[in-house]
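So that you can tell them apart, the chains are marked A, B and C in the order they are listed, and the count of residues begins at 1 in each.
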Amino acid sequence: MDAFAEEFLNWEVMVKYFPDIVAGLWVTMGLALMVIVSGLILGLVLAVIRAFQIRPINLLIIAFVDIFRSLPPLVIIILLYFSIPMFGLNWSGFICSWIALSLVLASFVEEIYWAGITSVHKGQWEAARSTGLSFFETLIYVVLPQVIRMTIPPLTNRTIVIAKNTALASVVAVQEMLTVAQTSLAYAANSSPLTLAALGYLMMFLPLVILSRYIESRFAWKR
Amino acid sequence: MSNSPLLEVVNLRKSFATLEVLKGVDFTILPQELVFIIGPSGSGKSTMLRCCNLLEEPTAGSVLFKGQEISKPNVDIDTIRQHIGMVFQSFNLYPHMTALQNITLALRKVKKIPTSESQDRAMSALEQVGLAEKHDSHPNQLSGGQQQRVAIARSIAMEPDVMLFDEPTSALDPELVGGVLNVMHKLRNDGMTMIVVSHEMRFAQEAADRVLFVDGGLIIEQNTPEEIFNNPQNQRTREFLSRVSDH
Amino acid sequence: MDLELLRFNFFNIDSVINVYPLILKGLWMTIKLCLLVGPIGFISGMTLAGVYSLHIRSLNWFLMVYVDFFRSVPPLVLLIYVYYGLPFFGIEIPAFLAVLISFTLNSSSYYGEVVRAGIESIPAGQMEAARSSGLSRTQAMIYVILPQALRNVAPDLISNTVELIKATSIASVVALPELLRMARVGQDLEYNATPLVAAALIYLIMLWPVVRLLSRLERRMMSSH
């Protein structure tokens, strides 16, 4: 047991690398927040555009959404990271990870919102349109508020899964928490920095996971 | 009472894919009339009504509102619809809004009435249907009859020129029907022009100016309620009425 | 932007011809990994959910902590912990086993959550009817409850499985020679990104039909809420 503590919960090592890990934590948090904000917004915008049912545009959206839901996020990040210089751009791993994960989240979010929009009863549209509200006004004031409410549980779950994927940014040299922890682990020849990082992730995501459990029971839309 | 028609339907046809539901329907609604539409299920009554505010687009023929042809493609239908109220069988209240918000939405967004004034108007509409005290309730806190009365208030708050009712009481438990019919009676006495699709024959006899009998996508017969119910001319009308009165 | 350069770097047939044995080897490893981790994760998940449905307070509390813990930690962190962390402790394990362990911990939690939701969606009357006809609790679970529960959450189960297959790509980080790893080896050998594009296409071909199916199922589920 002592050997275990020495290796995984080494106080000295933890204290020494604590500031580095915290710096990494900020990067992870920043990246996750950026991904969540841009992914949720882009996904909503795509779903709204899709509601207008313009065939060629819809096919594009469906293709985009399907591709980004089929490819592993890590493949997307790496592909973007290695291809971007080819376009004369010089984006950092951070930017590439942000864009890649935002597109992935947006794809899932679009699908969830779209499923919600199609599930709102036709009578809601008719009632609103019969009072003179336009298509867009009906979508904004009558349909989307209902959609957002019933899609909260799947949205939270998906958002958590994809926000956790910020750890993948370590593969393209972003100085986020996992990268920092791995570097520290090599220097210290001790696993305690990884323990710290794992605690960092728990601190970030455990409250969200518990929140999602609560939401699931509050807003249960399933069957 | 002016005699220029409020609503005119001329040679209206409607098909869904290959199914021809309306096969050339003509009728005229005068101001302050209450016109009842009866007929077997599937005969096209709802479709007829929904063509009047262009929820369904006619395949052929025209719909004229106050002399303006509104079934033409370049008409701004949203500005017309605020003058034509509609009440649905399934109420279709917005579940995420209170009764009051259900009513004020179109007042604010379509009529552009400031919030406080639209609230006053919504409250007086709720008073008309006897539900002022329920203004803060959400639809799921109301009975079916109350929901339908709120839906009616949502329509009358827009001060429409004509109101369309599509089986407003069919989804209600029997003991809740009376409350809704009372509200409709009051509306009629206040001079509202109404087109009502319904199976409430008693209400038709008491309140309607005219009754249209529809079958197979055509108006088979139209007359005063006394004539239709006591002295139907057409064989199909007689059959229909005898079947309904069995119940 | 130079189109010819783009073609040369990303859609270069020659480099695919050079490295396709590598890619195929990687694909085979990915498939083996999925065939192993999928069933193990699913069965452990079902077991977790079955135990949860016994409603033993202290046990359920423990299960909830287990599930939430592994849903909170990114799978890559878990993998690195197992693969790079344990050796310092004197436990040297091969990459394949490290992947297996960390993925089982992770996927059993996700499957467990889904199956639990499925079981809870079945009205209590089903269990009562089954028990009153003389079936044991386990029999009732296996023959009456689980079949209905699994059908109710089929979209989530499929979605979980898609996520699991995609997640196997992170095994490349610990140099397990699966599809993404082999594509990157090919990329280094050829000095060309085409092998990476090829791997992406393979993932797309494998998963796109499932993703399409999922869209339909999910829409149907939400419409019948």
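Throughout what follows, contacts are C-beta pairs under 8 Å (C-beta built on N, C-alpha and C of every residue); 3 or more make two chains touch, one makes a residue touch a chain.
Quick caveat, the model's predicted, so the values are computed rather than measured.
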The chain whose mean C-alpha position lies nearest the overall protein Cα centroid is chain A
Contact-count maximum falls on chain pair A-C
Chain centres computed over CA atoms; the one at greatest distance from chain B is chain C
Cα centre of chain A to Cα centre of chain B, whole Å, reads 48
Rounded to the nearest Å, the gap separating the Cα centres of chain A and chain C is 18
Taking each chain's centre as the mean of its CA atoms, chain B sits from chain C at a distance in Å of 54
Contacts from chain C onto chain A in the complex sit at residues 1, 5-6, 9-10, 68-69, 71-77, 80-81, 84-86, 88-90, 117, 121, 152, 162-163, 166-170, 172-173, 180, 184, 187, 193, 196-197, 199-200, 203-204, 207-208, 211-212, 215, 218-219, 221-225
So, in the complex, the side of chain B touching chain A is made of residues 53, 55, 78-82, 84-86, 88, 90, 92-96, 105-106, 109-111, 151, 154-155, 158
The chain A residues in contact with chain C across the complex are 3-4, 7-8, 66-67, 69-76, 78-79, 82-83, 86-88, 111-112, 114-116, 118-119, 150, 160-161, 164-168, 170-171, 178, 182, 185, 189-191, 194, 197-198, 201-202, 204-206, 208-210, 213, 216, 221-223
Chain A residues touching chain B in their complex are 121, 123-124, 126-134, 137, 141-142, 145-146, 149
